[in-house]
Each structure stands twice: as structure tokens, then as C-alpha cells.
Amino acid sequence: MRYLLQRLGFYLIAGWAALTLNFFLPRLMPGDPATALFARFRGRLAPEAMAALRETFGLTEAPLLQQYFTYLSHVLRGDLGISVAYFPTPVSEVIATGMLWTVFLAGTAVVVSFAIGTLLGIVAAWRRGGWIDSWLPSTLVFLGAFPYFWLAMVALYLLGFTLGWFPLGHAYGDDLTPAFTLEFMADVFRHAALPVGTVVIATLGGWLLSMRNSMITVLGSDFVNLARAKGLAPARVVLRYAARNALLPSITGFGMALGFVLGGSLLTEIVFSYPGQGYLLVQAVRNQDYPLMQGIFLVITLAVLGSNWLVDVIYMWLDPRTRGGRS
Amino acid sequence: MSGSPQRGANPLAMWLLAVRSDRRATVGAFVLLLFGLLACLGPWIASDPDALVGMPLQPPSLEHWLGTTGQGQDVFAQMVAGTRVSLVLGFSVGVVVVLVGALIGVAAGYFGGRVDAMLSLLFNIFLVIPGLPLAIIIAAYLPSGPLTLALVLIVTGWAWNARVIRAQTLAQRQRDFVSAAIVAGESHWRIITREILPTMTSLIVAQVIGSTVYAIGAQVGLEFLGLGDVSKVTWGTNLYWAQNDSALLTGAWWTFAPTGLCVALVGFGLTMLNSAFDEISNPRLQLERAWRAHLQACGHSPGRSTPVVIDRG
Amino acid sequence: MAEPLLSIRDLCVDYVTADGPVRALDRVSLDVMPGETLGIAGESGSGKSTLAQALIRVLPPPAVITGGSVVFDGLDVLALDEQGLRDLRWKRIAMVFQSSMDALNPVITVGEQLTDTLSAHGAGQQGRERAGELLELVGIPAERLTAFAHQLSGGMRQRVGIALALALEPSLVILDEPTTALDVIVERDILAEIRNLQRARGFAAVFITHDIGRMLQFSDRVAIFYAGRLVEVGPARTLADEPRHPYTRGLINAFPSVHGDMRKAASIPGSPPSLRTPPPGCRFHPRCPHAMEVCSQRQPELVQIGPRHAAACHLLISGESA
């Protein structure tokens, strides 16, 4: 329990750091922040929009510290300001619709990829020198070297555009309305297949290699040798003794890679016009919609921190040593 | 990065050995050499990448090996020009990222205590904050261009290196010759630069390679989003324009395929170098390899139990 | 005379390195009788653990067995396939590993490590109950079945290792330095425990240590290893009273009082040779106070010098012929 609380404390600090960064970034810009920021919008925005923007950033005449606390209290109430591109919709509302899709897409991709990659890593280490071990890792590393979004473009071009097997974008067909029906779900999966597939393919090699390498280390350890000497079945030695332990460093790596994979998944969304945060992010960049950008950054960061904490829970469940205390 | 090669082993020789002994690394090094040449000789190989040379979206032909872009520029010329910019930026960022990481990592590991606690907290925070969104909000506020890009990539990329270097420094600090130097009253600076850093040469080279892969990939991603200077020709902006010109939906695969292949080939070459080096600097893997080869030479296949090779001749 | 339980003849083990094979065991021949305790002593690196693990063929890469034979209870161990080895292991020969500290799986409970051993050999139905008994047998309360390795002290982990080894009532238990990392009191307790168990169950034991004093006390017969070779073997009494090989003598002299004195065998000057480039002839000759010319030229064979007492030394051979 102490371990989890400790981690929670760390994520709280990290979350606070992200918030603070968010607050200071506009103020760190060269020159007078307010002028520099608003110069870009002059003429493009109605005065009330300007006022809302000013409000969003707390760029008032008040002293910095007071602005900071105003900002914090706004964010804690879930008020991320008003979007410029979607004026006058509040940022939190704009983000809310996309968040679900992003979590669905990136979550599915990362879990599927980790599961398959880890299994392949176990097999590769088990059959050291076999054909899986000699060909699969370098093939997957090669695929992983492509930018995610490029793989997405190729997949879209070949499987969607040329062959017509998959839809060309969006999360579900235009003719459907979201509902918990079988038809709708099937459509969602059909639309998610390509984006999820490309992220999986791009990340598989990493998981495979990390699991393979930690398996090889663990397979050389004394307790695995003892398990062999005990005459246990090979499958039990490999799974219960080696893989069970080799999984731990992989899980740590999983937590650290979450943010990275998410970034790739955001770019993939753009290629497929998938209505998630990635798509919104481009809109925000194109329209210089700073409140939206910062809102997305904040929400994504919090999501990643939360997922990391979940990973810690799983880690603790898998590794009795973190549970602490001599019983 | 499991290997921590022994002090004294010549890192350069180890790298050469890695390239020679691992077929995949040989291929990787060859590919990298090719791209290096392409970057250096670019202007003499290809024409002006910005010139409008023909009809937009022409498929590959003898005249334009890789066809033309949505604006009617030569794709091959753009690919070659992009190679230069992207490799230079990627490599320089890779180096700086490792420098920053090494500086902070060594300081944390060497001084320990409160310094370590603060610096570790810092890089751990940077490790969990997702890089791409952070990069975007920073880049969006700054004038677009290579400097901004480099800055953003450094800010989001240094933490991992710091973490690895710190762990390695902690291990080195425990060693006798370092303790002896501390007892002998040598200055911190001297101990760090003369005793600790030299033992990490190979690790640092590996990190530069890894960070270059990261920097190229992230740079292409950010430019694809339109956060670079879209009027410059780089790998990332090539892809940005391909996407913008709806290359996909017009079937113009040649506008995006070559650039992605370049990114992947360079990334693959670098990764293979690293993995070959990892393998060669891991004594256990080396032994196992020799063992496997020996058994195969004797006509046995390695199994799970200790093999029996009795030569009755 | 009774049939030996385990009979090792001319066993050779190589470690394959990048610069070619290194011979870690060179033509070792030994017998273990049913129920007896054979002690094996020798300096660090002399090949004791290599021998122990080679016997049940769990030596990890890069080891290769390159010669000789190992016969256990009529079974040719070096000819067994994987299934045959799995049947041999633990049910008939069990082992306490040198590093019992790291020999327990850190993420599953001690209880599960006991029960999976039982069920792997078809004794699963007794399961937990039997596992609890085993723990109590080595002096650990049965409720510690749910403990993980990191929750146990070093001595307890070692005891768990012993409980594991006894789980299937094997006829031979190999104890590879079962007490090296422990303090003297715990060591004494554990050795006494093993003694009692051995009396009750009648298994044979191979007891490996580099603490020759402890070993002479504890074993019926003793084998001395030097740089991968067997240099002397005989009843513990005989060896304690009249060691014949100069190396054995050196080892024993380093322990003036066999009882309790923990001094290291530091009285032999020099250090063991590298196995990569061993000295020609007798491997001990560079450190031997009695070295003769022949010692650096020919390798001495093991010669019988008394009842069940043999040593490999030119002094003994030339003494005989003279």
C-alpha cells in the first residue's frame, strides 16, 4: 500500500508540474505575453472572444501569484477556458467528445500490442536461435522504424483506398448514430481495425525485444535452473518461473512507453480523420487555438498519469516485493 | 542497454567488432553510409527541390524517378534535400539530448542525497509527461523553424538518458577506484570527467544512436503536424504536404512512400547497430553464442539440459 | 562390497568460450555408496559446483560434458533424453544449490514452489499438507507456506532449499555449500538438521564445501579437488590423520584444530592456476613444496594407497617403486 501511495504522490506532483508548465508557458514567451499572444488574433476574433481568451489564461492585471491561483482553481473546477476554433464552446466540452475515442484507440492498440509482443518475446527467448528468434525481431524492428502515421498512410492507401477492405476514416459510418447496438459496435471495430492495426504493428517490435531480452536474463538465473533441476515440465519453467519474472521489467517499460505510444496514436488519428484528440490537436495547431492545445495537453497528461498509476497497481499485484513488510 | 563493457575495453574496437560480427549490423552500417553520402553529395545528385519541374502528381517516370508532388516538384530531389536537413538536425539533437541527459544524470548519481532527489524527480516527471503534446504546446508558441524544433526535441527527449546515466553513475561510484579517488581528495570535476565518464563511453555512444533515432522520428512527426517551417524541404514537411495535398485519396503513393522508407531505413540501421553492440557487450550472450556454434560444429543441437558431446575418436 | 549408488568415471566438462573450450573438470572418477556422505572440498574454482550440476545435467550454457560416464542406480545419466532426465531429477537425485538465496522464485510463494515440485512428479494430491510437513521438518512453521522468498531470512531460505530437496525423498541429495553464506550458529543448526534427517531417511549425500574442517567432521568419505582434478579421496578419518597428497596436507594444515576453527586455507602459497592455460604435468606442482622434475612433465594418475584411499601424486608413485 505504501508503494501505491508513494507512486500516487509522485503522479500528483507530476500533474501539478504539468499544470504549472501550462500556466507559465504563455508567460515565458519572448516579450510581453499578453501582447504577443493577442497580436496573432487581432482582427480575427470578436472582442468578446478576446476577453474570454484573456480570462482563460488569467492574463489580467493581477499579480502573477494571484493569476496562478486563479488558474489553478479554474482548472480544478474543470474549466479549461473557451476554444478559439470552436468559439464559444468551452474547451472541456470540445475535448470531452474526442477523449473517449482517443482512449479507446490508443488503449486498445497499446494493450493488444503489449500482449502479442510479450508473447512473441517469450517464444523467441524460449526457442533461442530458432526461426522466430532470428527473423521476427529484426523484421518488427524494421516496421517499428517507420513513423506510425506513415504506416497508417500506407495501410489506408493499400487496404482502404486500393482494395477497399476497410473504411477510409472516421470512427463509425455517417449513416449510424452512436448506440449500444451490435451493428454500431461492429462498425466501430471495422473503423478501428486499421488505426489500431498500424499502431500495433509499429510498436510490436519494441515489446518483443524488451521481453525477449529480459527473458534471456531471467532464464540464466539460479531459480530457473533450480526449477529445471526440480524436473518441472518445460512449459511451467518457462511460464511460471521465467516469464512471470521477466514480465516485471517489461511492465515498467510499458508504463514509460505509454506517453510515447499515445503520441504516435495521435498522429495516426490524423491520417484516419479519427475524431479523437489527435484530430483536435491539428485543428488547434492550424487555428492557433492555444486554449484547446493546452487543454488537450493537460487532459492527455492526466490520462497518461492515471494509466501509469494503474500500471503500478498491476506491477504491485505481480511483484510481492513491492507489497512491503515482512509478514 | 544491458551491457556495461569493462573498463579498459576499447569502445571503438568493440563497435567495429559489433558491425563486423553481426550480419544485420553490417547491413545497418551500410545503409547509414549510403544515407550519409546522400546527405553530403545531395546538391550534386539531385536538382533544386523547390523548382516546379512539371505537372503536379505525375507518377514515377524516367524523367522524374519518383514522380512529382502536388505542386509539381520533383519527389526525388525533395527526398534527397530532405535527407540532408533531417539527418543533420536529428544527429545534432541526438548529441545535445545525450549531453544534457549525461550532465544531469551524472550530477544526480554522483552527488546523491538531495541533489539526486531533486534531479531524479525532475527527470521522472519529464518521463511521464507525454512528449508529443508537450512538444506541440511549446512549439506552437515559438516561431517555427529548426531552432524551435531542436529545442522542443531536446526538452522532451533528455529525461530517458538522464535516467540511464544516473543508474550507471551510481554503479560506478561504488567501485574501488572511484572511492579511492574521492578519499584522495581529487576534485569532483576531475573524478567525473576522468574516472566516471570514460567508463561510459560505449553507453553514451549507444545513447547518441538511440536519441538520433528518436530525434528523427519525433521531428518528422512534428513537421507532419505542421509545426516545422513548412516552406523548407525536409522529410517531415514532405509528408506534411503529401497529406495536405490529399496524396492518398488521389492515389499518389509516390509522394509519401519514399520519404517514409528513408526514415525507416535510417532508423533501422541505427537500431541494428545498437542491438548488435548490446549483444556483443553482454558477456553471457557472447558465451552462449560460442557454445551454440561449438555444439553445431560437433553436430549437436543445443537442448535444455547440459549437452553431452563425447568424441570417441 | 555393496554396489555404488552413483558411479562417475572419467567425467570431463568443458566451458566453451570465445577462445575455445576450457576444461573445468578433467577425468574425474568417484563413487557414492547408498546412505553415505561424501564430502567434496577444494578451493574456489576447483570445479565442485560444476561436478554437482553436471550430475543431473543442469549445468547452464556454455557448459558441455565432453567425456566419461555417470551411472546412477544402473541408469546411464549421460544417455538420458529430456523425459528420462526429468524422471531422474529430484525424485532420485535432488540438490541444494550453492546460492539458495537466489534459488527461490521471488514472485511465487514458498508453498507453491514446494507443491509444484510435488505435483510435477505425481505427488500433487498430498499437496499443501505435505508441503507444510516439509517446512516443519526443517524447522519452519507451516504457516510460512504463504511467505515469499524476500520475507525470509537467509537461514530460512536455506532451510526451504533443503525442504525442497527432501520433498520427494530422493536417494541422493547434493548439498552445494549449503551453509556458506550463513553465520556459524545457523550453520551448525542446519548441519545438525541435515544429519538428523539423513539418519531418519537414509539418503546418501554429497556435501560440497571449501571449509575442510567442517567437512572432515561431517562426511564419511572426502574427495579433494584441485583445478578441475580429483587429487585425493579416502575416508574422512584417514584423510584427517594422514593426508597423502601435498595439497590435501596443505589444506588440512591450514586448520590446526579441526573443530570450530574458521581460518581460511591461506597457508598454501600461491593461487590456483587458470584453467585456460593449466601448468603441464601435475597442476599443483608450481605450488608444491615437494615438486620434482617429473611433476612438471607427466600428469600423475590416481593410485590406490590404502583401503578405499587413493591419491594422484608422483611422490606416491615413485615411493612405491622405490
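Labels for the chains are A, B and C, by order of writing; each one numbers its residues from 1.
The rule is simple: a contact is a pair of C-beta atoms (placed from the backbone, for glycine too) under 8 Å apart; a residue touches a chain by one contact, two chains touch by 3 or more.
Since the structure is predicted, the reported quantities are computational estimates derived from the model, not experimental observations.
Minimum number of contact steps separating chain A from chain C: 1. Among all pairs of chains, A-B has the largest number of C-beta pairs in contact. With each centre defined as the average position of its C-alpha atoms, the distance from chain A to chain C rounds to 54 Å. Per-chain CA centroids place chain A at a distance of 22 Å from chain B.
One finds 49 Å separating the Cα centroids of chain B and chain C. Contact with two or more other chains is made by residues 288, 292, 302, 304-305 of chain B.
Listed for chain A are residues 220, 228, 234, each touching two or more other chains.
Chain C has residues 53, 58, 60, 82, 85 in contact with two or more other chains. Interface residues of chain A facing chain C in the complex, by the touch rule stated above, are 220-223, 225-234, 236, 240-241, 244-245, 248, 318-321, 326-327. Per the touch definition, chain C reaches chain A in the complex via residues 53, 56, 58, 60, 82, 85-91, 94-95, 97, 99, 102-108, 116-117, 120-121, 146-148, 150-151, 164.
Contact residues on chain A toward chain B in their complex (touch as defined above): 10-11, 13-14, 17-18, 21-22, 25-26, 29, 128-129, 138, 141-143, 145-151, 153-154, 156-157, 161-162, 168, 209, 213, 216-217, 220, 228, 234, 255-256, 258-260, 262-264, 266-267, 270-271, 281-282, 285-286, 288, 290, 293-294, 296-297, 300-301, 304-305, 308.
Note for the complex: chain B touches chain C at residues 286-288, 290-292, 294-295, 302-311.
Across the complex, chain A is touched by residues 2, 24, 121, 124-125, 127-134, 136-138, 140-142, 160, 213, 217, 220-221, 224-227, 239, 242-243, 248-249, 251, 253, 256-257, 259-261, 263-268, 271-272, 275, 284-285, 288, 292, 302, 304-305 of chain B.
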